[in-house]
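Per-chain residue numbering starts at 1, and chain names A, B and C are given in the order in which the chains are listed.
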Amino acid sequence: MAINYSIPEFEIVRNTDRCIGCRACERQCANEVHYYDPDLGKMMADDTKCVNCHRCVSICPTRALKIVKNNDTLRENANWTSENILEIYKQAATGGVLLSSMGNPKPLPVYWDKILINASQVTNPPIDPLREPMETKTFLGKKPEKIERDKDGKIVNNLSSQLELQVPIMFSAMSFGSISKNAHESLARAASELGTYYNTGEGGLHKDFYQYGPNTIVQVASGRFGVHKEYLEAGAAIEIKMGQGAKPGIGGHLPGTKSIGEVASTRMIPEGSDAISPAPHHDIYSIEDLRQLVYSLKEATEYKKPIIVKIAAVHNVAAIASGIARGGADIIAIDGFRGGTGAAPTRIRDNVGIPIELALASVDERLRQEGIRGQVSIVVGGSIRNSADVVKAIALGADAVYIGSAACIAMGCHQCRSCHMAKCNWGIATQRPDLVKRLNPDIASKNLVNLVSAWNHEIKEIMGGMGINSIESLKGNRLMLRGVGLTQKELDILGIKHAGE
Amino acid sequence: MKRIYVNEQWCLGCHLCEYNCAFANTNSENKCRENDMAKALKNKVINPRIRIEEKDDIHFAVSCRHCEDPLCVKGCIAGALSIVDGVINIDQDKCVGCYTCILSCPYGAIMPADSGSVIQKCELCTKNSCGEPACVKGCPNNAIVFEER
Amino acid sequence: MNYVIIGNSAAAVGCIEGIRRFDKENPITVVSDEKYHTYSRPLISYLLYGKTDEERMKYRPDSFYKDNNVNTVLGKKAVSINKEEKEVVLEDNTKIKYDRLLVATGSRPFVPPMEGLDKVKKKFTFMTLDDAKGLESAISSKSNVLVIGAGLIGLKCVEGILDKVKSVTVVDLAERILPSILDEKGSALVQRHIEEKGVKFILGTSAAKLTANSAELKNGEKVDFDVLVVAVGVRPNKELIKDAGGEVRKGIVTNEFCKTSLPHVYAAGDCTESYDTVTGENRILALLPNAYMQGETAGYHMTGSEKPYDKAIAMNAIGFFGYHVITAGSYDGEEIVTEDGENYKKLVVKDNLLKGYIMIGDVARAGIYTKLIREKIPLDSIDFELIKEKPQLMAFSRADREQQLGGAH
């Protein structure tokens, strides 16, 4: 056997004074890091297996554990970082494509953090959200261009179907299969309670969750898994997934080992068969083709449901968005390059796509220039991390945001980025029954509701500071934003001035 | 009356309830303060009043049900078991350790105390300073709840 | 409504608590020939053993009678029941009127005729607090004690006094100890354990002749003693009912509500026969839990609540010097035995039911087995292989468990 060059990424530090040998860490680690050594009479750990998910640290009743970065050092330099070297070792040993999970971790610019929000002073005074009404409700969908009247002069209702959101935050697409049934239930229940929507992803809709249909967005992706008439009718809106921020241009692949039981039946595929979502939709090679699908779905659901088209933020996103708007979509969802995933080739995830902030600004601007901004709503996702990101996104032109990673974190995800290993210790990105049961939807849905409610409070607070009492007045209100440390080009794309201007 | 109920569906078999129980019922100072469990239970074999049963992927905790018609109380030869506001209490001072209650309890929820000469059982943490039962407070997945049903 | 109870032990207390569950008002009168606050008779051996004292062995707190609005007439023996007048006559000829009467007179030690017994000065039975007090004052560290009877009472007495005396010898006609509750293997295990503590057993024989300080046994052995304890058995005190014309067999006959054949008269405890749900026979089950629950059932019925007592089974939990024995039911059926050193377990199965069991040493969670017997749970409805290993709720179906652990009580 060749020498194994890999080094453990983390080191488990156990305070033996505090460890009482309850073995909770051992029982709770699906990676089998911890074990009891009967000869030594104490708990031990195999660092090589640790993914730093923190389950053991969180569960340890005596706080005897911590996980630190292994400071074993390769002879690295600024160019040949340990990461680069270790990845080469791995590929040299296996010949495989590197796989990763969750969003792009590279130190590429996060524009949210270079944008600052305005507040009122003296004139146009701030509003206290605790004393005065404040509206964060929003509607997604095509808005009529003009008022129509009948022959008697009465206004005709020419409003097409809309999604009503009590908060401008939705849960982004995560399929049943990529995440557990309990995670889905948590999202569904939270969306219902919050008056917003969660998204099935491309895994179909489990029969138990039809009851949450009014708060469900059903997705139609390139694999068309789980798509049938009742499915389309069950949701409040239908999303056509053209791309995903974490892996633009790439399809999906749920291995047969995970396509078991209810995951397979919900996807309507034979048990144990690989669920491969092709990179393209094989019936869509043009905007016209997309338009066909949009209208097929509208016809199938009698024009009662808004159609969302989701794309990854890529270089010519503005032109693509224009095409989608003209293709008849009611809502465009744009997923930035920091968006999460259950599994993606590392190189794709880390190098393909563009930041959502730039994509959003240019799409909003382009649609305005073309005079078709009112034809579509814009929803953005791809690492919305807090309420300030939401406010900035809306001020840049979004109607609402999708949160996926943040929602997972609210449910307990510790961003260990090992979803692709299917052994999620938090019961989210796994189908192993013993792990799935760790996520109790009673708890997780409450956490989700708490998170979004808290953000909603903060959004109101920030809006109040700007003297704005309705989310509608914030939309595209780029005057409320200023950049710091950005080049003129970046400011131009974002359509904002530099701080101090 | 509020009782401890077990939701088997959510029990992970982590055994923390057993440790929280053992900790809550130790006599060390400042019990119920999380950071003292190490001190209280280090190098001890615990003898909790709640016990996990497990087999394959099934786990559940068993502790006194505080029955309304308790066979243990009716059968206690020493009058050491009694119902106090719905909670079945054991007066360890009166108990002589005959184990008639162990013979009687259909849940197997009564066990000898460490000494072996008296019995112990869940008293819903009414006799320690924990307030809400420690097993419930410490359960990471709401598998044990304390509620009115 | 006047409730009157003759007796002041477990059945009487069960009756009081049963009545008071439904009737908080009407007066209850307790008559007892013993002068003490209600105490637990099985605790007298623990009293000698030093595990309890007179204060702690009270079966209910001092305030019990007051809390339950009970009048007590203690130290006076009830001598007859006048069913026509509905009154109880006491030894001093006072009469107490009743509307509902419970006879909970218990049992008395049976002392077989033995030649020369009258010559023995320090001789005791072991039943009441006074017996225990008498025995305690009669023994010293120099005493050699002869106990006749290797049953539950005799052996608990041995445990109680062993440390206080020089020697203890136990004689029993039976070939083994505790024959009423144990099988041969169990008897041998328990005997060995007690012998290791220094007790001498002479079994399969009886005293042919007694003198003041020695016994000649039928097998020819001679045992010298200073103190004699006779614990060969008990006889139910059924005379009050019998004399009043009520139906009695070995014990007082009662129905499922613990009612005797006399109008408005109930009986409970060691003086009665119970319907043993395992064997299907009426027999005397002289057990404290049984007495309490019979008394309680009678109490309920006196107030008009009809909750039958149909769960009586033979069962015993007993320990000697920290070695525990739990048994229940009957031993007629297929036997499943597991042994592991000091631990011994026998399950007895018949007709798809657990009929009885013996657990010695490790008795953890025995009550789950008792439940199988008492509730007649068909063994094919549970995972019997699992429960054979050890008592566990895992053996029940998930739905059953949900009901037991998650359901309303």
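General remarks:
Rule of thumb we're sticking to: contacts are C-beta pairs under 8 Å (C-beta built on N, C-alpha and C of every residue); 3 or more make two chains touch, one makes a residue touch a chain.
Because the structure is predicted, anything quoted here is derived from the model rather than measured.
The leading chain pair by number of C-beta pairs in contact is B-C. Of all the chains shown, the one with its CA centroid nearest the global CA centroid is B. With each centre defined as the average position of its C-alpha atoms, the distance from subunit B to subunit C rounds to 29 Å. Averaged Cα coordinates give subunit A a centre that lies 70 Å from the centre of subunit C. Mean C-alpha positions place subunit A and subunit B at a centre distance of 43 Å.
Here subunit B touches subunit A in the complex through residues 9-10, 12-16, 19-20, 23, 34-35, 37-38, 41-44, 57, 138, 140-143, going by the rule given at the top. Residues of subunit C touching subunit B in their complex: 10, 14, 40, 42-43, 46, 51-52, 56-60, 288-289, 292-293, 296, 315-319, 322, 324, 326, 328, 363-368, 370-371, 374-375, 386, 391-394, 398, 401-402, 404-409. Residues of subunit B touching subunit C in their complex: 3, 5-8, 53-55, 58, 60, 62, 65-68, 71, 74-75, 77-79, 93-94, 96-108, 110-111, 116-117, 149.
Subunit A meets subunit B in the complex at residues 17-20, 22-24, 27-28, 58-59, 61-64, 433-434, 437-438, 440, 442-443.
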